[in-house]
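Two complexes come next, and they have one chain in common, chain A, joined by chain B in the first and chain C in the second.
Then we have the complex of A and B:
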């Protein structure tokens, strides 16, 4: 059914309601994954808690099963799993027995440093490339830019990372190939991710620019003898940036994903390498936390971007048709 | 996601010239693919080596006359492994993208043309599935269920059907308003018949573009997952798995890494270019 959202408040409420519904769905799906995981979870928790004390007593396992509600039917298990999460208690790692938060936060900082550096670098490159190519569509520069973007989109990021290591770390020995800490450790991983951002963004931003350049009101401005430079910077760019914001938001969320492979290749600490190692060791509390974290950040960023778009584009604000 | 939004709602170019151009393009692409498959079959038949049999006398040989792309640390011919690897990477990706498409199109059709409650329910489900970053969800699913080819296929189908569902639904909603659909409904045609005969033929082209796109994405995902150890397991000759093997010999035998990567690059690039061309052909009549 179609209905018209009434006013700004109504719109925000609607978006937040949608956000909550999706977050619930995300939690449910994450729980499904946990529920269908093979193996006895109570035994795994018991072995992690009392490691080095030989076999765990069956009574203790039964106790753990009751504590985590693992003997209950499906739905009550779900709520048993959900309620500590809602209170901010993510449990302890099965491997190190540390609080999950204490493991995740330092890694999150590392990943954010990497992603934001890569995002800024990649967007900068994409911006320059697309502005240059959109100046004269069909020109040599334009074709080169599109060619770079198409080839870049087909390059597997793990291969690109390995090639960069081969060139700059192994052959030329300019930069360290693995580890984290200093700025020089950041260059290669950030470049790998940035090239990935660049290839996805260049073509999009170019098409946004071309669309904005074709707007009929620019002709009127030209007749009023507004200079081409001013038209480009004040009018074309402004219009092209509106759709670009959406893409940048989604890109930021996607970077968490891109970081997985890059962090593994360059042996960096971060969410991605933590995720891979905890999946390998079946450290369920950490896996669940990271899966939820990535999904929630994606949903949150998406909602923020939508709200931002409503703010920028008044047309959408007044009569947004909700299907 | 952008591709979905820039796609034309329905293919409306009914004038002959555009259609024949599209048809000519499809025929040419088809012939190209046939020729490629023929070459591939010939390579499979003609290679004197086995992809998985170790030959320690010829370990780590540089590319040369006997081994065109060299041999790996177990003396296996890299060129042969790349050819067999195409079956894993491209073939599995084909299976996965077809499975994802079937599930997604079914859900999208029912959401767009079916009852209101189903639309709401399925779109919220789609949103929830969409919230998980593809790679992270795929690693979690195939890692928790146990790394194997089957679980990877399951994982990749589960992270890919939503795109088809969304596109199908949005195209279906537009079609819903058309006269021929309304007439079909008024004539009390069975629901499935309307879907099959009136909706599906009009969704074909848009879905074809998305499908080519998803096929190449899936090739990247498969090799990425195998690279991380969650996909096709060694000793199978999958391109991503070959890269892992080659990583240890980066300095002495860089070709072990370079060639499988190039194979992924060229395949994905070719599929992307076909998809782009196809989209341009379909979009032209609408513009």
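Then we have the complex of A and C:
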């Protein structure tokens, strides 16, 4: 057991070192993109900070150049940006003048609430459908389950969101049509996203279950009088979960960034819509923070997925102990 | 296995049960708030921060609409000046403006507004680290200093003669405010007090009983950002909002055809136009620009892009409703035959029979771009493409980012940039042409330079008598229609729909006014 613990600690240390290296690389690339973005940076910053669509005077442009060190060489500009970042200072938004973290955190909270709710709901539905489906492949139930998943995949989130608002908010008046702040505000957007998760995960999970059900060692278990319920919960499901966790990790990472359409339809704040509005107003400090956050979330989720896989996959665990 | 399915179904049902219960609880809370006579408005934009200082950036547009902040001079529905927080104003020398403020005006903290407060509020515009810092407005006002004469009288001294000064005072960012406190972060003078804001989401106010213009009839106003017009229409139907200010035009047309809904419609000063690269490339050819203008069926564009209810074809950069300044003798006709004749006469012909006219031996390809943000931009771009192809021009269209499009136009990578601007946000005709077509204009990306037009703009700024200034701006509009560095397409109309209970609401052409003490919600 100690060896296993050491193995996991080693993996975490290894992953953290990798995370730092990736973050540095991403920081450099992010700054490179900002540096080579077309147009006069000082003018863009001036417009974002002071005028929106208006004019910016030359003396303001000169002031901005000095403040951001825009007339200095590339590396000097990079470290001018990086050094406060390493101290946890992400700067201030050009548009609101608020600290970037104060803008990002509430949006991140909204995105996490929505994404995790949608993921749990979607995975729950996908689980039910895939289990029904995998029980008797080719049966009517299987066809219905696969049909539901296929139809769901063909429905765009935008249309589905509008239809849910039309039915549950405008017609039945059971739920609010837009906004956030209460659980009731979460239901329609989470359902919209959950159906998308459900459609993508059902087919995958079904195939993982079918593969796990075909494993030869299950026959040995049956011969030892192990019940079907135990075989399913303790062996088939566990086996199917290993590849599923990778897909769930990718799905969560995609949801964190890709909920923008749902956020717009339901007038919710979130990372996706913040990204879009920051790009539209050229709010560089916010854009750069979001790019870093996005990279960080992908690396973090991948690390967690690997750790989880290690925890539930006996083969990997044994390999690590032996090594 | 069947048990597994059953468990899963029960779990999902339970989850939805909890959700429905929470939903109904929330609706009860909402209905409690509704009993307070609060007008809930679905609005396409949100505040920029949690405490948006009305003097910074364009924050004043929202606070002015919400009735929180006010300016010394206001704009009537006919786009004429009127004394708002000022009781009178006069020009005492070419660079001096005497302003007397209204007596008995109270700030939201209960204190009386004095001339010192007004000076302090304006002085903050030039303080770099203050939340009110606004170099754009400072330049627009052209201020040198402000002198306080007595409790109610001030003298604004400008750097040089600025005939647009009083008009610049109507700009919502020129609001008079007191320094905010933790309890009252924004202390204005309007009929509604700022309660809270959520960036890009919501702006909440409550009534100010001591308002100088009378106690508001509403208890408060909530402006909720609903970016998607279809959702806004559904939110109105669901009863989640009382009024949608920017209703989707196709749905509005349907309501109009069926004579349903509480409808509001008014022309605004927002102009949809092409900014054209004139200093180099194919569109430096003037006959080609003129032919393009003649080949654009503006009636059709407005009809298709805005369902026939959201706009009227442009005849110049200013709409006919802007009576004080519009040159009513101008027109921008649709005449395909004349356009073709003009092109043939200029030698712009299709000599190789491939259906595309050539200039200097090369097929003409026009790259046109616009940006997301206003629903009518994309269809306008698409219809324009089809119309210009009828002239024998190859037109490539794409949507891009606002700033990147301007950069591309400036670099000559594209030839036309479709945009939508308020052509006179302060009611004065100087702002739009001096920003977009004056030689050193901050947004002159067309490369247009016309000394005569520059001189007219300078002359207009120095002319204090509106009657004498009118012919100057008439000439200026005529030059733009002739040279076409920008090609006006249509003036946008705003359409709003209420739930039938909204009273005292009227659409202002400047798009910067909304809340008044008379705004009300009928109880049923």
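The rule is simple: the second predicted complex is superposed on the first by the 263 of 323 C-alpha atoms of A that agree within 3 Å, B and C clash if a C-alpha of one lies under 4 Å from a C-alpha of the other, contacts with A are read in each partner's own complex, and residues count from 1 in each chain.
In the analysis below, a residue touches a chain if its C-beta (ideal position, glycine included) is under 8 Å from a C-beta of that chain, and two chains touch if they have at least 3 such contacts.
Being a predicted model, the structure only gives us computed values, none of them experimental.
In the superposition on chain A, A:60 contacts chain C only, with no contact to chain B. Residue contacts after overlaying the shared chain place A:291 against chain B, while chain C stays out of touching range.
Contacts of A:282 after superposition on the shared chain: both chain B and chain C are touched. In the superposition on chain A, A:38 makes contact with both chain B and chain C. In the superposition on chain A, contact is made by A:264 with both chain B and chain C. Looking at the shared chain after the overlay, A:166 reaches both chain B and chain C. Of the two partner chains, chain C is the only one touched by A:128; chain B is not.
Of the two partner chains placed by superposition, only chain C is touched by A:229; chain B is not. With both structures placed on the common chain, the touch criterion links A:112 to neither chain B nor chain C. On chain A, the patch touched by chain B and the patch touched by chain C overlap at residues 38, 162, 165-166, 170, 264, 279-280, 282. By the touch criterion stated above, chain A contacts chain B in their complex at residues 1, 18, 21-22, 25-26, 28-29, 33, 36-38, 150-151, 153-159, 162-163, 165-166, 170, 204, 207, 247, 250, 253-254, 256-257, 260-261, 264, 275-276, 279-280, 282, 287, 290-291, 294-296, 298-299, 323.
Residues of chain A that touch chain C in their complex: 38-39, 44, 47, 49-57, 60, 63, 93, 95-98, 103, 121, 124-125, 127-128, 131-132, 135, 162, 165-166, 169-170, 173-179, 182-187, 228-229, 232, 264-267, 269, 273-274, 277, 279-280, 282. In the complex of the two chains, the chain B residues touching chain A come out as 1-2, 6, 116, 124-125, 127-129, 131-137, 139-141, 143-146, 173, 216, 220, 223-224, 227-230, 240, 243, 247, 250-251, 254, 257-258, 261, 264-266, 268-269, 272-273, 276. Partner chain A is touched in their complex by these residues of chain C: 1, 3-5, 8-9, 11-12, 15, 18-20, 22-27, 29-30, 48-50, 52, 56-58, 128, 131, 133-136, 139, 198-202, 224-228, 230-231, 234-235, 237-240, 372-373, 401-404, 406-408, 421, 435, 441-443.
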